[in-house]
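All chains are identified by letter, namely A, B, C, D and E, in their written order; residue positions are counted from 1 within each chain.
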Amino acid sequence: MAVLQLPEWTALAPALILAGTALILFLIDSIDPHSTNRTLLAGTAVLGSLSSLAVAVWYTAAGVGATGIDNYGVIDLLGGQFVVDQLALYFMIIIAVVTALVAVASHDYLRDHTYQAEYYSLVMLAATGMSTMAASNSLVTIFIALELTSLPSYALVAILKDNRGSVEAGLKYFLIGAVSSAIFVYGVSLVYGATGSLQLTNIAAVLESGDGAVAEMDGLLGLGILMLIGGIAFKTASVPFHFWAPEAYEGAPAPIAAFLSSASKAAGFVLAFRVFTTAFPLEATTAVIGVDWTLAFVILAIVTMTVGNFAAATQENVKRMLAYSSIGHAGYVLIGLAGLSADGGELVMGAAMMHLLVYGFMNTGAFLFVGLAEYWGVGRAFEDYNGLSTQAPFACGAMAIFMFSLAGVPPFGGFWSKYLLYSATLEAAADNTVLLVLAAALVINSALSLYYYSRLVKALWIEEPILDRDSLAQPTALYAAIVAAAVMTVVILPAFGPIADAATEAAAAIVTQ
Amino acid sequence: MSGMASVPLQDTVLLPERLGNLTGLDQFGLAGELLATLIGAIFVGSLMLTMTALAGPWAKRKITASFTDRISINQIGPAGIGIIIADAVRMLSKELIVPENADRPAWDLAPIVVVSSALLGFAVIPMGNGIQLADPEVGLAYVFAVSGIASLGLVMAGYASANKYSMLGGLRAVAQNVAYEIPLVVTGMSVVIFAGTLQMGEIVAAQGETFVTIVGIDVPRWYALVNPFAFVLFLVANFAEVGRNPFDTPEAPTEIVAGYQTEYSSVYFVLIYLGEFLHIFLGGAIIATIFLGGPAGPVLPGIVWFIIKIWAVFFATQWLRSAVPRVRIDQLIEIGWKGLLVLAFANLVLTAVIVGLIA
Amino acid sequence: MMIEALIAVALIGALVTFIAPNRIAGKLAFAISLVPAALSLWLFAAFDGSGNALRDGELAFESQAAWLEVGNYSISWFVGLDGISLPLVVLTTILCTLAIVSSWTPIDERESQFYGLILFIEANLIGVFAALDFFLWFVFWEAVLIPMYLLIGIWGGPRRKYAAIKFFVYTNVASLVMFGAFIALVFGLGDSVTSFALPEITTAMLDGGPEGLFGLGGTTLASVVFVAMFLGFAVKVPIVPFHTWLPDAHVEAPTPASVLLAGVLLKMGTYALLRFNFTMFPDQVATYAVPIAAIAVISVIYGAMLALAQTDLKRIVAYSSVSSMGYVILGLVAYTQFGVGGATFQMVSHGLISGLMFMAVGVIYNATHTRMVTDMSGMADRMPIAVGILIAGAFGYMGLPLMSGFAAEYFIFFGAFGSGIPYAPLFTALAMFGIVIVAGYLLFALQRTVFGPYRLETDYEVGRAPVHDVASMVVLLGLIIALGVAPDLIFDMITDAIDPIVQGGEF
Amino acid sequence: MTVDVQYYVLLSMAVFCIGLFGVLTRRNALLFLMSVELMLNAANINLIAFAFYHGNLTGQLFALFTMALAAAEVAVGLGIILVLYRNFRDVDVTVPRTMRW
Amino acid sequence: MNDWIAIGALALVGVLIPVGMMSVSYLLRPTVPETSKRATYESGEIPTGGTRIRFNIQYYMVALLFVVFDIETVLLFPWAVAYQDALAADIPLVRALGPMLLFVAILLVGLAWAWRTGAVQWAQTPRQLETDRS
């Protein structure tokens, strides 16, 4: 394979391509600021994200990051500031997929929007940040990637400048984001103080060596880790920094809500996975700070999924319901970290990663459907969606698939990933019985979630429309994105074998390193 | 100029320590050192204030008069130099009129900020003969940083006066400062590439080396000679930064009366006025230090050369004041962002590339 | 690869139909559904399997492919047919084709979606009966629910929303219970199991059973799982007291959905009971035989009594299904060759008969727009052929000899009577009493509706049933009589697959 | 003449807490922004003090990045506050209540 | 003596001088309160309206732009300082210069974009107004 001949920095190509696309979009806009050529802009964005996807898939297939005789091994870049391994590539794939879907859907959603090029380039920049986050191996690069993700996201949420909801959402997202990033960076500074290093592997090395300074500053380290969890909780929309999510998703343009709730969340999780497996090996950290950090994730996971699901069940607004359900799903994925307390934790984490991939399709699709509804101008409440299926059976069919998949009803992807998560948790529970509670919470919450998801399906398919609607337009690109997401949610089933392998291997690689 | 390089231009001993030795204060431990430092600071402060006092009420008028072929002050003292004292007494004893609606704390604070920010910059300037208060490693960045505080003072003045002219003046000052700060700093950076340090003393020392030898005369490695393009850019950006013609839109007497200082009177006005002149001199000091070899020069002692150089810059500002018309605010902004900034980056990149290729 | 072809044809057909214009959707779906029907008949003819699929039997049309690895377990695509599943597959394909035909008249909006969903259900039903990997089976099992939910919810009667949700919630919760229990069982089996393939799990269960899980002992775990799974499937069957969703769903569902619901979906429950509970847990069956038999008998009698109290023809047929399913459970719990075989036979037979009944009721409803016994009389005047077939079906229900119902019930009673359960004769006798009630309510209803003077007042013409409806009913009736005359047509096959289970399980 | 690192940490914690207090109590978006800056700068104090303590430059370098990112954050924040003012005629963060909080 | 103490001393002096001048003036100057004197100066006209005027949006635009570019210089300074040393240490030119060029190039893309979209344009020409309106 040609990978060997490529210089090392090309290992970051999936992220670099996204960055390049963003710059190209800026250039296009600079050449003709008043251009209304939506297809060119969206096309560039889609092309960029698809190339990023293709490269990431190619690398994965070629064995970049995989260890073994025929593979290329984990690639360290810039003195270990970045690391391209299977985990990084896996999440780069998720991010590129979601970005592509969002870019396609935005083509129609933004039809009358003034800031087309800016929109796409901001999306690309945010995607760059997420992709970089997947490969970051140092708290420095992590923080930069985090901000590179957050800053365009703030702007994107508020991009409908004359829409009060959008501005309000942007403000709230920004306020909470700014505070949480301040907390995160303070946590970084404390961890640095305790260990004298910002690179994850070095931090782990210092912790394991039990150096004098670390032992002295155990309190600082503990506080630092707690603050890091805070930053991560924000990015993944988990308790206690989840307040922004419903507001931001509700006010943001729907494709952006899709983007944030899928890709951004995935990026937050890759960050959590990497930081906590690489930098804070469980035994060594516990020996220093005296507390097992998985305990924090056990609590966060349970609280997050419960809060998310119960709040979702009481919503009248579809987008808000999806927002809370997205919080609930963050809780499911957090199990991946909580499970690390037991043997077989890498299986739990692998399952959580799979859930994120499937979630990337189904949740993006669901939000894009909401985008379609906004495009049509039907309302936002459940009742407003009544009987849409008579006019748009395909989109509604896709939405039904997303809803059932999110609820974890077989045969869709969501069932599989949830099941894998459940069974892996159960297996790990043999080692640490606390996990039984998590498994139970997962099942109970999933069962509860069926209530509100099926409520939407019922509105779409079974209820009669309240008002007579004019015939609805069929925007090609939005439809294409939604149908593609739906097809992937289903078609992912036969491909589940290799995906499961990839996820589990990636998880195992970082857990046991 | 031959042999200049052999003379140690830069004393590694800084002013406070030297004073400590001189006065014997260093025998008293920390307190003595502090006292010596304070004396040094007072010395530098007074030196600069003296120059400003000279320039503001007297030299400025004289120079302008000469350009416009008029006779200016000539009554009090020789060549009217006594006007300095007269003006000082007059201004200090004027009634202070506080505009209604003024935001008092900010309005009172603004003059102090303007003056002290300018004074602070001089702390790291090597003035020759060991007159340098401090020589931190980040000297150049520090100078840029503190001189930037002035615009805060200006906007405070503009805002707190509760006057539309003042407000506009303050805003313009900020817009102008931000537009020209970046070309200024980026051009300064192209000098840093040569010197490889931000320490003012080092920069000056680096300029002591011989650049070329023309007909037996060693031309020193002044960066104005090494990179004249950067020098011109820096000069222009500096004029804008200190708000002198042709870039004096924040005051623009024909447009917005007197800008941010419209409502100021009495000693407050004096302070703001002084502050402006201090800034001109600070700009001159920076130019002298990073482009003109600091206090270097033949025959005369360093401090004298240094003063000559900064007065030369001051003279240039007054020259331009008489010779060049003011640009409009929109032109000003566009020159900054579209002209100088691009040129500054071009200069930086070219310098870096050339240095890289030569090395 | 034949099973894959069968499923693929139905799935692709579903997609094609979904995008086809409404106008031609019905005919198109019919044409497409003929392919699996013909294919399944060919499978029937070419069947060469023997023994029970889960007990090392010789599988017909087997195919297996690795799918994914989950931790210590592998999941595979594993399908194959034995003597139990093949008749049910054939039943499915035939009933689906006929259901499509019977929808031509009543379904007049969103046809393409309707027929698409029917074909989608067909694909999944075939999958349910053919799958031999637990996960694969579960996927198909659950995938049936969603289209059925939509069929009831969209094209149903006035209370369709309530009925659809009730159906969905009941069956889904049941699935969840069953699923959780089964997973616990697999984990409890420990290292002896490395995949979710049902034969492997069955072997492990019979070779010693579970080791225990989370502090539960092996036997306790097996009992808990057995009960949980029984409850899970009982909802689907349904068995009293979990039957309440059924009448609602049936009454509100459109005729073709009812046909499939009663004809095939209920059999999923009994099929699963047979495959899981009664194959994997012989010990637990023995332990709980009496309560199960009691429940079965209660179902028979209580279902019949409820049917007696109804005035809605569809409700009568629906409750009678509860009663008939009671027979199946009784047959299963008897655990003899004739008992279990008869139960399996009854599944097929009841599928045909109840399908026929629902169709007939549907035809009458299409014409009169009412199903109330009290509204109608003298229907024989207006639609003699349809009513004739209805009566024939009712006799089939009552167990008239030479019809499949008779054979089925005979086998069951014979098997149950000779079974080793305590009080077996008593249970059998009580269940037989159920037939009397069945005869009572059916004859009562028929007498009121069919005979006497015609007195329904309508502002539209009530005429003869359409030819295609009658034709499909005739096909069903033919099958019923054929099975009644020659039960060995499938009974041999069934007993061949049953024997490995009941051998040694005799008590 | 060096100051022990714990005093820097105390200072930074004080600054951080002041910032946090501001974040929790200020309703003006601009003041909120300033409070966040305080929190970020508290981290910078830590980073630089620890860089000195550990004798490596990593912390200083990271402080540079933090500053850059803080500036970018302010830029975006100001942009959002501008559109906020345009839409709500106010920079009070509790005014926008189009959605439930 | 520490550099920063010297700077602190100068800061003290820098504050004390103006404060001292203010104090001297306070002692010297007369105070004749009169309301009309304190009126806001508007070239002799009676002042109208407040000072909370809505000013040109461009002030914000350049301010935001400045924040970005100014911070960029913070990141460039370390590079500039280390550049000669890097060259002296025989680090290849591409590695010594490349990152900075890339960095500046990205910034220039940003500047070009800001330029083209009119972020640094103070006033619009009539023709631009026309095209904007359409």
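Here, a residue touches a chain if its C-beta (ideal position, glycine included) is under 8 Å from a C-beta of that chain, and two chains touch if they have at least 3 such contacts.
Since the model is a prediction, treat every value here as computed from it, not as a measurement.
If you take chain B and chain E together, no chain is in touch with both.
Counting C-beta pairs in contact, the chain pair with the largest number is B-E. With respect to chain C, maximal separation of chain centres occurs for B (centres as means of Cα atoms). Comparing each chain's Cα centroid with the centroid of every protein Cα atom identifies chain A as the most central.
Centre-to-centre separation between chain A and chain B, using Cα means, comes to 52 Å. The distance from the centre of chain B to the centre of chain D, with each centre set as the mean of the Cα atoms, comes to 32 Å.
Taking the mean of the C-alpha atoms as each chain's centre, chain D and chain E sit 20 Å apart. If you average the CA atoms of chain C and of chain E, the two centres end up 80 Å from each other. Residues of chain E in contact with at least two other chains: 63, 70, 115.
In chain C, no residue reaches two or more other chains under the touch definition. Pairwise, the chains that touch each other are A-C, A-D, A-E, B-E, D-E.
Chain E meets chain A in the complex at residues 106, 109-110, 112-113, 115-118, 131. Interface of chain E with chain B (complex): residues 1, 3-7, 9-15, 17-19, 21-22, 24-26, 28-32, 35, 37-43, 50-51, 53, 55, 58-59, 62-63, 65-66, 69-70, 73, 76-77, 80-85, 87-88, 93, 96-97, 100-101, 104, 107-108, 111, 114-115, 120-123. Residues of chain A that touch chain C in their complex: 344, 347, 389-390, 393, 397, 400, 404, 409-411, 415, 420, 422-424, 426-427, 429-430, 433, 436, 443, 447, 450, 454, 458, 461-463, 493-494, 496-497, 500-501. Those residues of chain A that touch chain E in the complex are listed here as 23, 26-27, 29-31, 33-34. Residues 139-140, 143-144, 147, 151, 154-155, 158, 161-162, 164-165, 167-172, 174-175, 178-179, 181-183, 185-186, 188-190, 192-193, 196-198, 213, 220, 243, 246-247, 250-251 of chain A are the ones touching chain D in the complex.
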